[in-house]
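In the part that follows, the structures are each spelled out as structure tokens.
Below are two complexes that have chain A in common, paired first with chain B and then with chain C.
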Partner chain A sequence: MNNEEVKKLHEPLFHIEKRGGVSKKKAWGIRGIGILVAVVIVSILAAIMLQADPFTFFGKMFEGAFGTTNRIWNMLRDTAILLGFALAIVPAFRMRFWNLGANGQVLMGAFACTVCMFYLYGKIPLGVLVPLMVISSVAAGMLWAAIPAVFKAFFNTNESLFTLMMNYIAESLVTFTITVWVPNGSGSLPPIIPGGLKLFDNAYILPILIIALLTVGMFFYLRISKQGYELTVVGESENTARYIGINVKKVIIRTLAISGAICGLVGFLLSGCMSGTINPQIHSGYGFTAIIVTWLAQFNPLVMAGVAFLVIFVNRGMKSGIKPAFGLTTEAFANIVTGIIFFCVLAFEFFIVYKFKYRSDVEEKMNAFKAKFKKKSAAKVATEATSDGVVASESASEAAEKANGAGDAENGENAAEKATEEVNKEEE
Partner chain B sequence: MVVFLTGAIALGVTFLFGCVGEILTEKAGHLNLGIPGIMSVGAMGGCLGVSLYMGALSDPNNASYILLLLIGILSSAFFAGIMGLIYAFLTISMRANQNVTGLILTIFGTGLTEFVMEAKVDRSLLAKASTYFTQSLPFAGKLGWFGEIFLSHGILVYIAIAIAIVAAWLLQKTRIGLSLRAVGENPATADAAGINVTAYKYAFTLIGAAVAGMGGLYYIMDYLKGSWEYGIDSLGWLAIALVIFTLWRPDLSILGSFVFGALYIASYSIMGISFAQMQLLKMLPYVVTVIVLIVTSIVGKKETQPPASLGLSYFREDR
Partner chain C sequence: MENTENMENMENSENVERKENSVALELRGICKYFGNVKANEGVDLVVKKGEILSLLGENGSGKTTLMNIISGIYFPDEGQIFIDGKEVVIRSPMEAFQYRIGMIHQHFKLIDVFTAAQNIVLGIKDGSRFRMKDVNQKVRDIADKYGFIIDPKKKIYDMSVSEKQTVEIVKVLYRGADILILDEPTAVLTPQETQKLFAVLRRMRDDGKAIIIITHKLHEVLSVSDRVSVLRKGKYVGSIETKDANESILTEMMVGKKVELNIQRDDPVNPEDRLIVENLDCMNREGVKVLSGVSFTARSGEILGIAGIAGSGQRELLEAIAGLQKVNNGSIRYMDPESGEEVDLRSKTPVQIRDLGVRLSFVPEDRLGMGLVGSMDLVDNVMLRSYSKGKSPFLDRKNPGALANDIVTNLEVVTPGVHTPIRKLSGGNVQKVLVGREIASLPKVMMAAYPVRGLDINSSYLIYNLLNEQKRNGSAVIFVGEDLDVLIELCDRILVLGSGKVTGIVDGRTAKKEELGLLMTKTVGIYEENQKAQASEESNE
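What follows is the complex of A and B.
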């Protein structure tokens, strides 16, 4: 057995390599492919499960999301709220503090707000009550996030499990309080402020404005503030942070206090501004969805706004478009579609960080194939161009040259160059 | 009291399946937050298998005991395993973030479960199928309180306990267990020692998912006696809490699951408490878990900590 054969036997077909870095354009291109793959899979699924062709399917989805003024308002409201959750967890996530407790923190904010409304509404003027509601919401959210943060900072307690458990403690606490307040056992509290707090006669405008301001604020906080820099360093490497004199414990607790404070504010928006009451599921599980949003947007608040919009589009499109149109009784199909889209996008994130490095002989073949393909398309351009006249034929030869050049640049290796040469010979 | 303890064991076994499955996954360094979704899909898979089998018979009442159990358990483990495969592929091969993947898996799993249960499963057969799963030893009733508490359960209860014991033995006493723990603590070192890290991670994520999925099947077929209920996912979160509570030890998780079962049903079983007090009791398992989490992290003994590389993906060429 000669060396060649041994090499062939033991070297795998390809191995995975980290990319040195990838341009933003290429990264978004890869994500775009991910979404495209998701769309194809969803279309196939829709065809099998609902017997719907893709155009009707996605048409109904658009209709469900944007069909009426009311639906557009709902879209904006849900996007704002989901984005609020995502803005709250983004500083923590950037610090690699896996805050899975946004649901609980928002709930505690809403809870504190409702306590204020329950005991004080109608007794003191609204001008005093509303600031009080905001302050207590923010404080409650802050407290609920700071508890795991303190233990993480001092004892390195696992934060993802801790914050996860705090969700359910908050939920039970709210259920308990509602049953105390409403002893008839219905388990639901009628709105204390009917219709919520309205600005320009619309309960959604205030939340949307606040979240929009918050998005810009968070963008600059992470991008240019000293605190934003500190928390990024702590996330990258605690040892480095300690070495350059950052007080890691302080940064962890401070960041989570901010995270919780925003959660508390979202809680205020949900209970004080919009519904005027509370229920244990007022967070609609957005705390988990927001984690996905934050992750897919690579912690950039402006991109998060776009991703949140996309998520809500799928959600609402399914809920008020697909569900009635195809006579579905549950949210099940919406969850399946959401899951598939996320899976695809998540899987394609891989290609942004890593790339395949093929075995040398495989790469040779691939390059030869690529070069051939490029040659062909260039030749095609050339023949088309010559019919147009002399000037065009110049550009055609340029294109052909380019194709050769591109082949060379990508090869880098001798073997691949040989392949191009071979192709050249063939042409002669 | 006897009824209470029997009930605690009966519900606890749901957590036991989920917990042992999650322990096996976490020992390989993967925090699978998709367990709630996997348990739902496991329940769905089992129901689908059983209802297809019974539907294919001319008389559903003549189903064979062994075959029905086997089909139920295998199809449950199969569907849950597919969910595990999705998770494994994304987090191990594609190196996606584990928290994010797990949460998506839960969304996807609950959706898939609901869809299939509405469209493909003949639920009227489930109650009959359940009688096979709940069949207990004939002499259990004659042994007084002992028989009532420990022997009156269906076969899945004993399978769960057996799985937990085998898992504990596997982790602590065998070479495979040693390698697995090495993978979870420090995959780079394990890799250098010649352990096939990817194979271990895949194998135990899949096994873990299959075991957890059987928890869903048990809950529907045995605990609820074949009536379908959404909300298996909330039990899944408790199973994840139980992993912390039992310090990542399958042998302790047998006892721990009974404690959790007791805490969970305590709110229904204690006479003369108000509805509000019931809600406070429901909070108890989570509070206890948080306390255990805090205490173990303060004590800081190595044996009681989560696997060191839990939640981190492994790439060989990373430094």
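What follows is the complex of A and C.
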């Protein structure tokens, strides 16, 4: 029995193998396939559930996101806000401090801002009030993040649970205060500053500008500042940090203070700039969505901007495009679509690190098929975007995706869970 | 045909022996690729029954990959495996057991709160009714047969390292393994324990088992094995009967060229007291005393070796000096060679020590977990020590970049570039970067814990040379080592730690290995002292 025969008899059909290394181009190609797969699955679902053809469906989605000037402004502003959340948690995450409390920290920032507005608006000039609002927001967010940080630094408490719990305290505190401020029992506070603060008579430009500056700042903070270097060392190995004489406690608390301060600022943008009021869900659950954003972007603030844009595009496309166009009354379909898209995107991250290696005879057949397919498509001069030669046909990539579902179930499930959670938290 | 038969008849006596020594396991043309890395490329290997085969090769030569293929953890990309002459396919560790292959890993895979017997039977499904009494008896039978000393009812957490290893070996024997693979079994043992292990291995060989042993230590290869097979860069170099081999032949096979195996040892020049440690007591985080009354002096221009069984307080001692371990009692003093002043180092943080102008370098045992940051590139790792210099809030990567380039050129670090994450480098290259960085600060005291652990021969000798260079430059070098042969060859004096106490300081030029081994196991341990302290506390109550 020769070697080849043995292999055919006994070698498994395929096994998963680590890639030797992937060029950036190829990595983006793989991500592109992920999105393509998502598009295919969503099209099939849309056809079954809404009797819509893919072109109408995605056309409506784009219309919902970019259809009018107002919608484009909304897109950009929402992207900025989500990116703000992500910028806030990124230094903490880089330090391996799982700050799940961005929602609460933002809420506390918004709360402090609203307190200033509630008691002082109209009584002191705006030139004094606005700086006061900013300072108190930042201070409140900082404080809310510093509490778990202190406990982590001195008593090594679990930061994930601690920050998560702090969210509920913040939400309840706001709910309670609103019932005190608004005794009629409606539970909602009418805008104190109608329409919020404006710059150049434009309600959108202020948050976008602030977050844009913050993005660049955070990029350089993490990349070339000593503090950014220190927090990376602490995150990678506390022992190394101790060994070279970094004060680990100080770095933990300082980093979380920065994280909280940015949250506070986002809180100011939400309540002071955009709504002029507060509600316990003003954070829209973005604190959790931001986790996906930071991870997908691998903690790079510039890439985070792109990811945040994609997330908001899906959100808004569903909300203002698909929902009214197909007369949907609930968020259910939007949730399904969002879940599928994130599942595919996250699942395909797996293929950047791993690949399938098929049994030699199967591989030969596949190569032959590929060659045939290439000839055919060349003849047809297909305009369809080719997939960088990673997997030649859509059907192949789809099969791979299905198989991958098992291998990367945890990742995918998490993504779907988080995505659904995030949409659930969405108000309005 | 007739001719051969004749010959066989003529060599009848040898033929009988050959039959007995029939091939247990044969590999042909095994290949395994990880991406672009060829871990194994056309490896052939033969192990006979009743034979101890040493598998020799430098780090990254593919030994572990090959053993993982045999034990079913990896599936080979190409090649065939024969057991007792029949071709087999091993798809999982369970299947490997069915072919009576048992692997004893370097890192034990035991459950601490279970007894020896419970660990041994864990995971066995033979369908028969399970009686602990029978298990204990069977374990004892195996132990008696091969001369193990094992108490089946003893809990793992009460065991020493060598006892744990015994449990691992009995575990595979219990499953009826006829082919045993031991991955660096002597790395954690004292010379005496190693001799006992070898005696057991020889007895198993005489019982007809096939044994493959992976080790780095050439003298062990020569003393225990019958045959040696050598791998180099994933390829099979060849096999040699141990009786025809010596250290330099084996090294040449491993490295591919002749290597000078002598460690240079100059006489110390003008030794002065540089670091004086007196009556040092330390406790670990659990409040257990790990160092007790440790006193010694490290002198300039001298290498002070520290020997001891793993976990005898070596780490705590170095960390106490470096300001990373709380000191409960005693003093650590540094004599400044320039001003001649005495500096108290006790209970100072690493930053305070640096600010006092004490030039202390420390190569810790845990390279990637303490000395370096795995995910950062060479430049960022080189600047770990110096990044905080200057008032600017931003990093200066220019000087560290130049230093990183210097280290790469001078120490022949193999890396795609200075911006490669250090985790991707091989063990030897990682260590070169770490030692290079620590030497760059021109230390007056240089401490190195197990600096050659896991390194290939070339890199090991490079590190010894670097330490010798520091010695010539007038540093006080403290070298914690595990290979007693190396300690005896390299060090001027050797301090032996036994359970946290100094059990002896001997001259490296006259020391004998057996003497060191005895000092290492001398039981004037802290354990008894702790017991006593507890007893007196109880009586006080």
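Points to keep in mind about this one:
Assume the second predicted complex is superposed on the first by the 331 of 428 C-alpha atoms of A that agree within 3 Å, B and C clash if a C-alpha of one lies under 4 Å from a C-alpha of the other, contacts with A are read in each partner's own complex, and residues count from 1 in each chain.
Rule of thumb we're sticking to: a residue touches a chain if its C-beta (ideal position, glycine included) is under 8 Å from a C-beta of that chain, and two chains touch if they have at least 3 such contacts.
Everything numeric here is computed off the predicted structure, so don't read it as measured data.
Legend: residue contacts after superposition of the two complexes on their common chain; A:Q227 is shown touching chain C, with no touch to chain B. Contacts of A:I33 after superposition on the shared chain: neither chain B nor chain C is touched. Touched residues of chain A were counted for both chain B and chain C, and B has more of them. Touch criterion met: A:I291 reaches chain B, while chain C stays clear of it. In the superposition on chain A, contact is made by A:I244 with chain C only, not with chain B. Shared contact residues of chain A with chain B and chain C: 17-18. Taken together, the chain B residues at the contact with chain A in this complex read 31, 33, 86, 89-90, 94-97, 99-101, 103-115, 118-119, 237, 240-241, 244, 275-276, 279-280, 282-283, 286-287, 289-290, 293-294, 297-298, 300, 306, 310-311, 315, 317-318.
Residues of chain A touching chain C in their complex: 1, 3, 6-7, 9-12, 15, 17-21, 224-227, 229, 232-233, 236-237, 239-240, 242-245. Across the interface of their complex, chain B is touched by residues 16-18, 49, 98, 100, 151, 155-158, 160-162, 164-166, 168-169, 172-173, 175-176, 179-180, 185, 288-289, 291-292, 295, 329-336, 338-340, 342-343, 346-347, 349-350, 353-354 of chain A.
Chain C contributes residues 29, 34-37, 75, 78-80, 87, 89, 91, 322, 324, 349-351, 354, 362, 364, 366, 368-376, 380, 384-385, 387-388, 392-395, 397 to its touches with chain A in the complex.
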